[in-house]
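Take this structure, written in structure tokens, and hold onto it; I'll ask about it next.
Chain naming follows the written order as A, B, C and D, and within any one chain the residues start at number 1.
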């Protein structure tokens, strides 16, 4: 018996589908989340958001509370960043997702964001999980750096058990001995979790690889394996990004990748039963 | 340049020494923390605490807010458990340590506990780290399940940067491919961290091995490698423990182990320059 | 500077293409190797080979010298198995691949097999690598269980440095902490190795997952990420297989999977520039 | 049921003790093997061997067939190195151990060496294991980089099953995500393997840490945990060593460490029942 219940396929056979305005998450649709690692300034984000919308991106991402290894690294713009995110949302017409690190920030984040993200480092921050289990917005739950599938699904169970059934899982790579890539994207987890759970499942190839040139192929792989969407870091000038530059695509690179994925997706969905 | 500063040997050459009544933590003294994984009831804990005191244990441990993989597992006695801990402290004359999971619990935990523990799953819960950086009590910071030494020391830096210099580090095993043991106790981390940092460093052989029969030898190893103390799980009836039974010693087993360690420590301190 | 040269894209820009009769390995073609983990008996293998040929499988696999954890496990049929393989090749019209464990077996294996396989456990058996570097047949080199990309490519370099340029690399999953799957298929390695090296690159989703139900999705993922082929374990009655039953497909399951892959491949190749 | 038999404590309760002239390996004795990673030239090795003998080292190590990641790295002096080793043995009066990589070298290595070493990369080179199972000399079997305890003991079983009962196990660190150290020395493996098996067990803190400054503390830890000996790399001028410089001690550093260990050992053996 697994240590979770509500998240399991045994409990609910049909895929959970989350509606966000016109956007449908889960259930065979493919959804693209994109944006910078950190919100850095208003102009940059608004410009980028407009470009992303034109490319067919569905949801805008941008970190404003940043979990950084060192206390001396850039910690995000906080409330100011939330306001910038909200403005970009209005102008570009894109729903937004941002990470929450602290139970005291949940309320304000919910005021500005459409989806709340729980990051890898907080996957087993059970207090935070319980609190986002009480909100009315979808929660995207990233897999912990060394979390087993069972631990990940049990973390999601904490959210569902509090009443919030709108949970999106996101595989973002695990820690292994390999140092060529920042993390090891666990492709096995994609079909495994789709079989174990009815929740929508995304892939984050940016953190999953840590290298810009691998983001495209790993995105394709994740979709081919059954992921419901991808979450990609983009920055107008990756070399100057305040965080995660080496794994960020330029807007033009994302556009090319999305064109490939789009063709790929269409043909894939038409011809292959997943 | 490492991403931390205040915790480093470069910044402070002499060992940090923490005084807790008559107890000295760090600086060549060897200190034993012992107690049950979870506080289960008053009588059991008080009885155990009195026995531990007689054996020479310095500090009593007991979890009351438990970070459990599944929301359906025993989550700890909470406030009631804190009161039991405090009572055991009075009767046995032992300072107590317990884990805090949530910033909202810090105040009440500080009212009852002498040392506040941050567990592995929260090693990068930066909000929690910042808040315990503002308290006046020592904080024991366990290494995350897949945290590098640099990440661990940087997490400690978050606490020191807020003003709390009384941080004790605790190695508790990392995740590896080996399944015979629950975790892989990283013995290399003991001398490495003692060289990189001036903070006291403990070893938790209970979580580090997950197997009762390995706790004694790994305790000796950790002390031989330079640890300032050990933290051991004990339960009067491990088979019936509500958590961590397989890695808990019986009181009598701990007593035998401490006698061995005591001889070992004396000779070790007298004859070997570490 | 990497510790390898001949295997690198810097040294040779164009993809290495290996011809095996009518079969083309590498360079955008997708090639399927399938067969049982171990050759068990003549009738079973011949029957299976004929079925595989009909499904569009290009190459027949079958182990006759088996590297087994325990000396008391089935060690393979040896020479008898080679003869059975050769007979299946004649009847079904499929080239065959089999593993070599010992330099003393290279000659006889080369007499019967079309491709020689070096398994994970021998990836850094440098004597064996040097000897297969002197033969005139293609060598399929599996990645070691905990080999970095650099170590893997350097192992291939041992073979090329002896004169044999016909090397096929094969990702088969690495060891991680995850226990739900037998290994963690490293999808990042597919595009990374294709960028670092000109050698053909295969994926082994059977060992890479250890679970039958994940073989299909991970095969798709590997091809989507740029692999030149897949190597799949098939057995007429997996529950009775002498080795690797839980990860072996039934012939009918493979057929369904290949139909999906075939559609997928065609559309994928037509519409996406990899 | 474990996949091994002859190596288990169930099969043989008493510790296996191996006699090598006056030297006793296993059974509570502590034995030190030391020497350079690679034999580089006659004068250097003879000088070093004489010094080591004076310090109380029991056995001289020196690699002549080197398993190197890259084919372009120094591969060892081969037969010439064996002759130098033999000369050092005569002059210093120390038995010698060296690694064998290839079944064709076993005979010549046995002519010159007192103990034959199987390295980590060959732990599951089953042909090699079977062949050294037929010789009359002790075999030191290092644990593979990502071998579980069960796989390691099963590899030893291959040797015993062929008739050679003189096997010494050697823990040398496993691969983990930590990059501060070259490997993660698995201290848990020391008491675990002593409980599971009657074979003598050594520790290699040089490879287990990859850093000179950690060799002393990890040696103490391994002995405290119950290891029967240690194997340490020493070089007269580590900065110029042809291999493994960063983890090699200078002779004077080894001497200091051995004095500490000697005191430590004496007191440890007198006062602590392991």
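Before moving on, here are some points about what is shown:
Here is the rule we use: a residue touches a chain if its C-beta (ideal position, glycine included) is under 8 Å from a C-beta of that chain, and two chains touch if they have at least 3 such contacts.
All of these numbers come straight from a predicted model, not from anything done at the bench.
Across the two candidate interfaces, A-C and A-D, the one carrying more C-beta contacts is A-C. Distance from the centre of chain D peaks at A, each centre being the average of the chain's Cα atoms.
For this pair, chain A with chain D, the centres built from the Cα atoms lie 48 Å apart.
With centres defined as mean CA coordinates, chain C is found 34 Å away from chain A.
Residue positions of chain A touching 2 or more other chains: 146, 150, 175-177, 179. Listing the residues of chain C that touch chain D in their complex gives 3-5, 67-73, 101-104, 121-122, 124-127, 145-146, 150-151, 154, 157-158, 161, 175.
Chain A makes touch with chain D in their complex at residues 146, 175-177, 179. The touching residues of chain B, when paired with chain D in their complex, are 146, 148-150, 174-181, 184-192, 195, 208-209, 211, 213-214, 216-218, 220-226, 260, 263-264, 266-268, 270-274.
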